[in-house]
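Chains here go by letter, A, B, C and D, matching the order in which they are written, and residues are numbered from 1 within each.
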Amino acid sequence: MFENYIKTRNLTEEICRPLQPEDYVPQPMEDVSPPKWHLAHTTWFFEQFILVPYLENYKLFDDQFAYLFNSYYNNMGTRVERNQRGFMTRPVVDIVYEYRHHVDAAMQQLLKLNNNQVNKLTELGIHHEQQHQELLIYDIKYILGSQPTAPVYGNKFQPEQEKQSAEWLTIPEGVYEVGVTENDHHFSYDNESPKHKVFLSDFSLRSQLVTNREYLEFIEHKGYENFNLWHEEGWKYIQSNQISAPLYWKKINGTWHTYTLNGNEPIQLDAPVQHISLYEAAAFAEWYGSRLPTEFEWEIAAGRFHWGTLWEWTNSAYLPYPGYKKASGALGEYNGKFMINQHVLRGGSIATSPAHSRASYRNFFYPATRWAFNGIRLAN
Amino acid sequence: MFENYIKTRNLTEEICRPLQPEDYVPQPMEDVSPPKWHLAHTTWFFEQFILVPYLENYKLFDDQFAYLFNSYYNNMGTRVERNQRGFMTRPVVDIVYEYRHHVDAAMQQLLKLNNNQVNKLTELGIHHEQQHQELLIYDIKYILGSQPTAPVYGNKFQPEQEKQSAEWLTIPEGVYEVGVTENDHHFSYDNESPKHKVFLSDFSLRSQLVTNREYLEFIEHKGYENFNLWHEEGWKYIQSNQISAPLYWKKINGTWHTYTLNGNEPIQLDAPVQHISLYEAAAFAEWYGSRLPTEFEWEIAAGRFHWGTLWEWTNSAYLPYPGYKKASGALGEYNGKFMINQHVLRGGSIATSPAHSRASYRNFFYPATRWAFNGIRLAN
Amino acid sequence: MFENYIKTRNLTEEICRPLQPEDYVPQPMEDVSPPKWHLAHTTWFFEQFILVPYLENYKLFDDQFAYLFNSYYNNMGTRVERNQRGFMTRPVVDIVYEYRHHVDAAMQQLLKLNNNQVNKLTELGIHHEQQHQELLIYDIKYILGSQPTAPVYGNKFQPEQEKQSAEWLTIPEGVYEVGVTENDHHFSYDNESPKHKVFLSDFSLRSQLVTNREYLEFIEHKGYENFNLWHEEGWKYIQSNQISAPLYWKKINGTWHTYTLNGNEPIQLDAPVQHISLYEAAAFAEWYGSRLPTEFEWEIAAGRFHWGTLWEWTNSAYLPYPGYKKASGALGEYNGKFMINQHVLRGGSIATSPAHSRASYRNFFYPATRWAFNGIRLAN
Amino acid sequence: MFENYIKTRNLTEEICRPLQPEDYVPQPMEDVSPPKWHLAHTTWFFEQFILVPYLENYKLFDDQFAYLFNSYYNNMGTRVERNQRGFMTRPVVDIVYEYRHHVDAAMQQLLKLNNNQVNKLTELGIHHEQQHQELLIYDIKYILGSQPTAPVYGNKFQPEQEKQSAEWLTIPEGVYEVGVTENDHHFSYDNESPKHKVFLSDFSLRSQLVTNREYLEFIEHKGYENFNLWHEEGWKYIQSNQISAPLYWKKINGTWHTYTLNGNEPIQLDAPVQHISLYEAAAFAEWYGSRLPTEFEWEIAAGRFHWGTLWEWTNSAYLPYPGYKKASGALGEYNGKFMINQHVLRGGSIATSPAHSRASYRNFFYPATRWAFNGIRLAN
């Protein structure tokens, strides 16, 4: 268990290696958290939920960190307001790394005892940190992408050109099983549970994600100007935010470029389009004469195509499965309380930990979300 | 057809009869439209969609009304901004009634021709006006309820005490059919279509709606102060709006009262609770150890209990049915473009036209909506 | 005294005569109060400050009106929030008129007693109502001017074409006396007091107000696009409100028109420009190579030119005179608590009561104010 | 000249020495600029206004910096929005220091030529940087004071206990000269010019600033709860911002403390109160039965008492002197365009450069400003 633990912990630090101390600080929009905060919060999770209750004589690294690095757990006491994270310059980055290593040492000691409940919580903590690794990558891209200087992080986390051809995969109507029932052998989140039956009508999914080439065509055919393609909310959203292209796109000398972690680069026409809101995904599908899949269509068809390059918007709202029960106490705040007004994304992205790649995994974001690594799969 | 038409038109005017001219004007929150506006907008619908295209030599009552009384149809041109409706004092109420009667006369003339397409559109216009009748009642209640003087409209539109006992009705798992396929014999909206199959796990619904007595218990057990009962969004919503009881509730000399269309009255303990948001409905269900039904559970069980006193929140997002296609042109803006971020309510209220009482009917509002006549049915 | 009282009261009603009941209700921006509110509030002033304390056995017209029609007097208890006035449909207009006549009858009775303190307060109440008459005219114009239909009120309250030629009147430097000391013979507000000395450097004022012709030249020379002419705040103000002409100006078929109380009319080139903010007045003066006068320059020179068509922006902040003391209690809230962040206007407008026409009178508004009848006088 | 230049430049860096790289980044409220930004912007000023036009073959350190570090000069092109400064992590701190030294080397070279215009502009640049030094100290205090950990910067910039006794110094009425006329011998800003006469009535100023002891008494006598003491705006301001004590005050275990650059410390009762808005200063004066001085009263009496510990709020609006002309071009944006809605402060603080300590100096802030080092002098 410790091996897996420390591998995850090291990867988080690896992701931050190209950063300057200054890059660890800001929060240029509310969805973004400062890298320093991710480093500390994931550590806080192990400290508060595992070391404090289970390691005898554990000495807190710093009394104040419980307040500073709680994310949203009301049961764990008051916390720094989410939109204030970018103002916390202290503790500085070096101290945050010390904090991490202090907790790692204590976890090493505790994990030797091989306590069953500790192991289970550690597994949850590892998955939690892996989720934050992905957010960390989104946030680093957003922070660096907000710089007028378009700095280089490294040639990483950029989807490759799609190699699959654009076929329609058809699935016959019937009763199917979706979800998983939580068990000790394979980790899953409570929101994927329980396994249950759904009835699906005939449908087809396209094997290939929508490409930049196709999306550019949508732009050039004035897709952003035709209200008939949009949800009422989506139309207001693009008007009031003056949106007419995916996030990070900009025209440089008349040519479409996008900010990548490697700096500004010309659009790769055959790569899948990314950084679009659900509103844009739905408008594109409407223009195309198609639609977005539901999360269950996606899950049933997932064995038929390659996925994992970008999270794929579904037209399913994020709601509990029949029989879902949220855990009691602080861990019950993990998933259940967000089950309203968000939409499910399925699949996974190039920034997703392999441990999170399973057909039953339910990611979720608000429809306006663009900074995540998300794309469009079409259904019919 | 004209008989049905004129009956609906007269009912709208009947609803407004207790109002003073001043009451027709304001818009005390964005969801509310001024009564004057409802009177004119429903008339505009007949004029623009039926008289202009189908009645030869029809003379517009006033050229500017197309601009003044369009609600949200982008295809019908520009319009007064929704949040500006309460500033329109002109045309005055008397002119709006003249406008209604001008259009009624023309409709009478046109309907004599018994044109099939006209009849179909007229039926849609009647249903449209019936929907507005219900909104009109909500809006009148909100306008009068905003007066510090709590004026009397009349002893109307107040749910009676529940007479059903609180039983749990159980339904076995299976594949069920929901929805209707649009046809010429029975009117339905496009969002109810097509009829399709769903798989439902075992479930039970409570025959009786949640009563004021039960809801009061929730309040007294500090339900509004226990964050573990709430969605994250719901918790923020009640905090930032300082909500600790249903809309219209107020303590007068230590006793809970509510504004009714008959003035302020003490809470009727055995009547169903109303004017609560989805957030509150969900928190109540959580506290009760229960949950809200899905829209399909509701539809399948609807034959087993009495309904129609209050719209019932479901935990289903308002999304298209498999195979749903929105109409082209302006009428396609009727339903489809709202299919995001709203929740379905099923049933009907004491303010609902009987023509809208069917098990397949899908009403929809944002989770924060409280001014509608909505209540809570529990599921398990 | 009663004669003067009733004359003022009647004039207020006279001003409202062209209105429809609906026009009495809305509040299309926060500066505006509904005409109904003005009618009631001025009545409340007499009731609360005079009848209640001085008329034995006076019976309140309605207990709730103290709450409903208080404007900003913290000492008089809680009140309807300023931005909620447009939602009060009750009491209806007819009741408000009854309220007025109830109070008028009681005042008639009380004034017969010829009590000194009552007379003094009545004089203040008359001046208070006269101030509201002017605001009422601004508000009626704004309410009617917000209608897409541009309704006609009557050919009134429109400044005539300037007949004075544009001369520069020079005043030599020296110590001058400004203000008045409050006394029993001539009414004045506490903010005009006490009379005191100021030193003025040489200056000159232009006899003629800036005309529409001149202002149009400013527009056509891109005055609204040249940031060097503007205060930093003014520049932001016109950008974020998308202002490029005076309030009520609009181009109809390529020609500049303005909404007047007589409907939309072409700009009168030789009439003084009105409905401009202090920001615009200052930018115009900068463009002209001139400046705005101080309030003392204005007061000293006021005998040399005609004024009273439009309030004239000065570049003096609204601050207390040396030795100014505000009254204690509710009447102390009349002027003193507003002495920050506003600017003084001098003179008077075509909507100003003659009783308010004196060289020492200090009107005041925020720099962004445009709905008042204000204009530009230049200084050097 | 270079000696003076480099001394100023070094002092700026000295002020930043106790900071960690992370502290240079954030902007926790809009008034605050990141320390990194101050370091770069003051350098940009020399580069853009002096090196670019006057040093032959000068090579820009980085082309993009003109855009990145312009503050508010519309004439110098577009710029990063003021409220976005805290998101700029690049260039990092080290590069900003390189930028400074690059410009310093070029300035050394240029200043050797002893060009008259260059010398004059350099003097302005030095004064500009000295102003930013003071803001830098405010901003550092605010950034560190926003940390829940209350970090220590050093025992600096904290006013000492007042040693003067609280006497009233009286000045007789008369015509006085205020301001200075710009000249080559003593530097002054254009807003202090020209020297001119004013008439002052008899007045007295208190020799001692208001102390924490006195202010605490105001708090304990419920000064923050008595609306009669406050401007209407001030009352709204403290309500909506929930203000009931000076900025940085907090109760720790029942005792009033304040954040100082040395960490949280108990209030020093005999030190002058600081970090209060003009609204609070005026309410305190009202409660005390006194008032704030005008800027001219202050200037005339300034020889009679010690000052320079805190900037002193006056009740004078920041407006141009008679005959004031703003410079043309970008440097004309220095002062004139801010002359509206702000109030003058006189004197100077412990964070003010000695070169800015003169009786004619006009500092100015909005009435709500609390993060500056400001205090209260009473007048009568």
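Convention: contacts are C-beta pairs under 8 Å (C-beta built on N, C-alpha and C of every residue); 3 or more make two chains touch, one makes a residue touch a chain.
Nothing here was measured: the structure is a model prediction, and the numbers come from that model.
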**Study point:** Chain hops separating subunit D from subunit B, counting only touching neighbours
**Key:** 2
Check your understanding: Whole-Å distance, subunit B centre to subunit C centre, using C-alpha means?
Key -> 44
Point to revise | Distance between chain centroids, defined by C-alpha means - subunit C, subunit D (Å) | key: 36
Exercise for review: Go ahead and list every pair of chains that touch.
Suggested key: A-B, A-D, B-C, C-D
Point to revise | subunit D to subunit C touching residues, read off their complex | key: 72, 74-75, 173, 175, 196-201, 203, 227-228, 230-235, 278-279, 282, 291, 315-317, 319-320, 322-323, 332-333, 337-341, 367
Practice item. Spell out the residues on subunit D that touch subunit A in their complex, using ranges where they run on. Key: 20-26, 28, 36, 64, 67-68, 80, 84, 86-93, 143-144, 146-149, 151
